């Protein structure tokens, strides 16, 4: 291996492995803080500068909390159940983290130091998007591994739920991404992002908007976020697949989950929200990476908001929602996108017409599917006895 | 036909309003910041929480003057044991539902502030790990000697004797009582004063009556004597 | 979506559809996050479907009834707080009602009003927390629960100001109340009551139209009216199954005959989790109406009749009952002329409502078993006594 | 790296799959031994394509793609059969499935 | 040089994975070893510049086939998955002999052509071209394949569901 290649690979990958775990720490703080405020609590506000005696004095809005949590996690006892499969119990959290970290390479984030090393950038791979989906799917195995190796019935239920859920939701996820791939004519992540330069984001098209909504919903399910957090449904199956995990292994799961959130939000940004496009990147190219991460955080904020609002679905409803609602809609969306593509959209009238007709078709279809799936579910009237 | 997903959007609007509201509307934010930093001003609800480390934790009290926690023994102003109100009548021991009070009566009576000599509790223990704060001892006490404290920092590392409060731990002055439960203490003092006044009035009346009776008797006797004397004469 | 029938499904039929795989026996509890205390459900699962379920309880048994038989009548009053520790006021009231029947004590006017106010505030607290816990069991990460607790704090503050304790109030006495409420309490109570509907509107907006909650709760845990009546179900659960029965209307104990209020009940014969959830939401509105009338009507006066603290009732048998937030709470006392009751028996609504758990859960998913348990509204202190 | 490396590797993998088919009794293990053999064949296709005269024709990848798709179908059907058999015999042991119908 | 290191590592992974997969008694361990094998093979495909095939390999074999296998094992075995005595090998010796014989036969063509004739040409891998090929000359194949997959899926569901026959023990005797 030539030293240059090694250097380039290190420059390309090490920053990702530093930046995203750091952002993970910040996100845990953000999530705790935001959820607390949604629930009218204060949230972490004590730990300021950890490892110093000024910890409480300069609390910095509790920003030291993630570091303190990390230290706590590191020093906690590693408990493995007596009957557990020790090898798989150890491998599962590692395997949960690896694919999540791996797919970060496929996000076309243009850090200022990456310009010189274009040949080793994975997002320039011709099939970057399909690799993304392929590798994200590995997460499922890690979760099943954890659930099975723990020898705990709740873990096993969680693991089985995770498999069923993630396999099902991968399909609408991919099908909604197909629309974009179809329009750009490439699976190359960088090309997809470049096609949306300026304000030509795909989310500003009718089919793009619908695909984005479907993609976002499916990505919630892929990353086990509320309201699709059934594999770790605390009120039903304790903590699901990581019931038997403690200490650093648990932290690895946690890290993997958040990195997966970043990755899938990053893909949503690439596909629908214009990648690194944003005001000011013509003059300051490094702003592009900032915009990219800002957009990721916007999506994560919505995820946190949803988590603070919604209860979770039941397992059969979850599968029904994927197969009977999202899947037909995303297939219909491909057709709609095809038609919208061939209708000339020169003047404002035809543009508006395409918008209205496309969204109208999709909305009516959604309505109809909803009617088919849940025919009798509606608020009821009640009587009063005097 | 309602909007698809409209219920979810409405819910999200509510949580968003609460999110924003928690920064502006103090009424929404119910959590109180008890453990604050030295030097900051105390939160409104903090009561007498120790401001500095090392201050006596045992004298902390809770957030509201109405709250009750565990019983304490009252003494009036002056030396604690000299002015203790308890006379070791053991009614509270008998009535306590979880039976967490243990009293040993003194063998001899003790003089106390102007009143006549009374027994006093040689031992008065309350096991606060058993006590359920029901306040029945307070209700049945005829001497207003036992009332509820509101001190809550009772945790201890000694699991066997640490929560067994002895007589001297339980003795608190009436002034302390006024400090933690001002309204209740004032009402109790008023009632005691009234009762005392009534008692004294009654006593006075009784004394008056006795005196009158005695006088009458004396008079009658005198008269009788007179009569007798007259008779004999 | 599975369409559950009103009767318990025949499992033989369910099993033929599946792959005939082994059953998974899961012991949910006693330390499970959503069994509401130390309660255990032995669940047999086929995949995620509940095939068999047997509730196991008694972990919190504290010998309540036997203790009370060895104690003066007053002495077991604080123990009634610990039955259903969310609703100590109504527990007190039921016991006081029974004992007052035994010794025939009159309750002063002001005490009657305060009793109604306390009981209705308790009902608000209970229904609020129940709805919060219920939605928490649905998986809502505590947001509705914490909103509910935010309001509950305000009511608990009122309780604390009146009785000195937030939960174990021990406030009622035979023939009235232990002490009068402090000065200004009624104004504070009115403020809380006036602001409550604002919160309730917000709560309804958050929960009642949410599609996920609708599809999670409708058609889940059906309890037919017939089964409810034959199982002795009372309270909101019975009314959710379509029966009009409320002890406040039937017995008119206390001074409930003076207030205008309505009793919401479900029209259909479904009686699913949604009905039980909404009936409680509606009951809260009615409670606010009662509270407003009571706060308007209350006048000054004594709160405790001249009842002795320790008494020896004549030999008699009495049964006193109130409409506790969870259902009919009754105390059955037999006096034998000593200061202690000869027999002391509690009719706990939680326990009796729990008896239909198995019938409601069979054939549902395991996630539904959790919310069905949540919608029954049990407190283990009362179930196990 | 020559074509031979890949061909020998594929042969080794194929034989490993064969050992599985010959020596295991569990129907599922036999199924995934067959998968190993199929994959070894796929490796050959790709290797031949890579070292062929005219790689632009893409015959190798196309055929592999079709083979993968067919293999997926095969696994689905195979496992369905295993489950159906399991329901019948309550075992996945190949040697105990020796009757055509239930006695 | 780089390529050689990668080749030896990946082929070691693939062979070891395959060996463990066929010989491991614990079925779940076997499936995971099988996935290691699939992953190693995907790496080899990447090494041969067939990146779309590598992605498809991961997507189909690890993402779908592996999980299907896991499901089948969970459905057929007792939950723990240890098969113990029942699954011991049969004809271990003859199996090995047969495998070695086949191996020798398979080795014949490379041995006959020794030394290796060609070296790899430099190619520019393109997913786009593959897609166009699929659409132009092979579209019928693709369609047939789609039909086959659909039929296979329907067949699989039907087979797994089982024909609902009236059970004999159900009838009153």
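Per-chain residue numbering starts at 1, and chain names A, B, C, D and E are given in the order in which the chains are listed.
Here is the rule we go by: a contact is a pair of C-beta atoms (placed from the backbone, for glycine too) under 8 Å apart; a residue touches a chain by one contact, two chains touch by 3 or more.
Fair warning: this is a prediction, and the values are worked out from it, not measured in the lab.
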{"item": "Remotest chain, chain E as reference, centres from CA atoms", "value": "B"}
{"item": "Chain whose mean Cα position lies farthest from chain A", "value": "B"}
{"item": "Pair of chains joined by the greatest number of C-beta pairs in contact", "value": "D-E"}
{"item": "Centre distance in Å when chain A and chain C are each reduced to the mean of their C-alpha atoms", "value": "42"}
{"item": "Cα-centroid distance, chain A relative to chain D, in whole angstrom", "value": "34"}
{"item": "Cα-centroid distance, chain B relative to chain D, in whole angstrom", "value": "84"}
{"item": "Chain B-chain C separation of Cα centroids, rounded to whole Å", "value": "33"}
{"item": "Overlap residues in chain C, where contacts from two or more other chains coincide", "value": "19, 24, 143, 147, 150, 206, 208-214"}
{"item": "For chain A, residues contacting two or more additional chains", "value": "38-41, 156, 308-310"}
{"item": "In chain B, residues with contacts to at least two other chains", "value": "8, 11, 14-15, 18, 28, 30"}
{"item": "Chain D partner contacts - residues on chain E that touch it in the complex", "value": "3-4, 7, 11, 14-15, 18-19, 21-23, 27, 30-31, 34, 37-38, 41, 44-45, 48-50, 52-53, 56-57, 60-61, 64-65, 68-69, 71-73, 75-77, 83, 86-92, 94-96, 98-100, 102-103, 106-107, 109-110, 114, 116-121, 123, 129-130, 133-134, 138, 141, 145, 148-149, 152-153, 155-160, 162"}
{"item": "Contact set on chain B toward chain C in their complex", "value": "2, 5-8, 10-11, 13-15, 17-18, 28, 30, 64, 66-68, 95, 97, 132-136, 139-140, 148, 183"}
{"item": "Residues on chain C engaged by chain A in the complex (per definition of touch)", "value": "1-2, 24-26, 32-34, 45, 48, 135-143, 146-147, 150, 206, 208-216, 218-219, 244, 246, 249, 262-268, 274-275, 278-279, 282, 365-368, 370"}
{"item": "Chain B to chain A touching residues, read off their complex", "value": "1, 4, 8, 11-12, 14-16, 18-19, 21-23, 28-31, 33, 35, 37"}
{"item": "In the complex with chain A, residue positions of chain E that touch it", "value": "1-2, 5, 28-29, 32, 35, 51-52, 55-56, 58-59, 62-64, 66-67, 70-71, 74, 79-81, 125-128"}
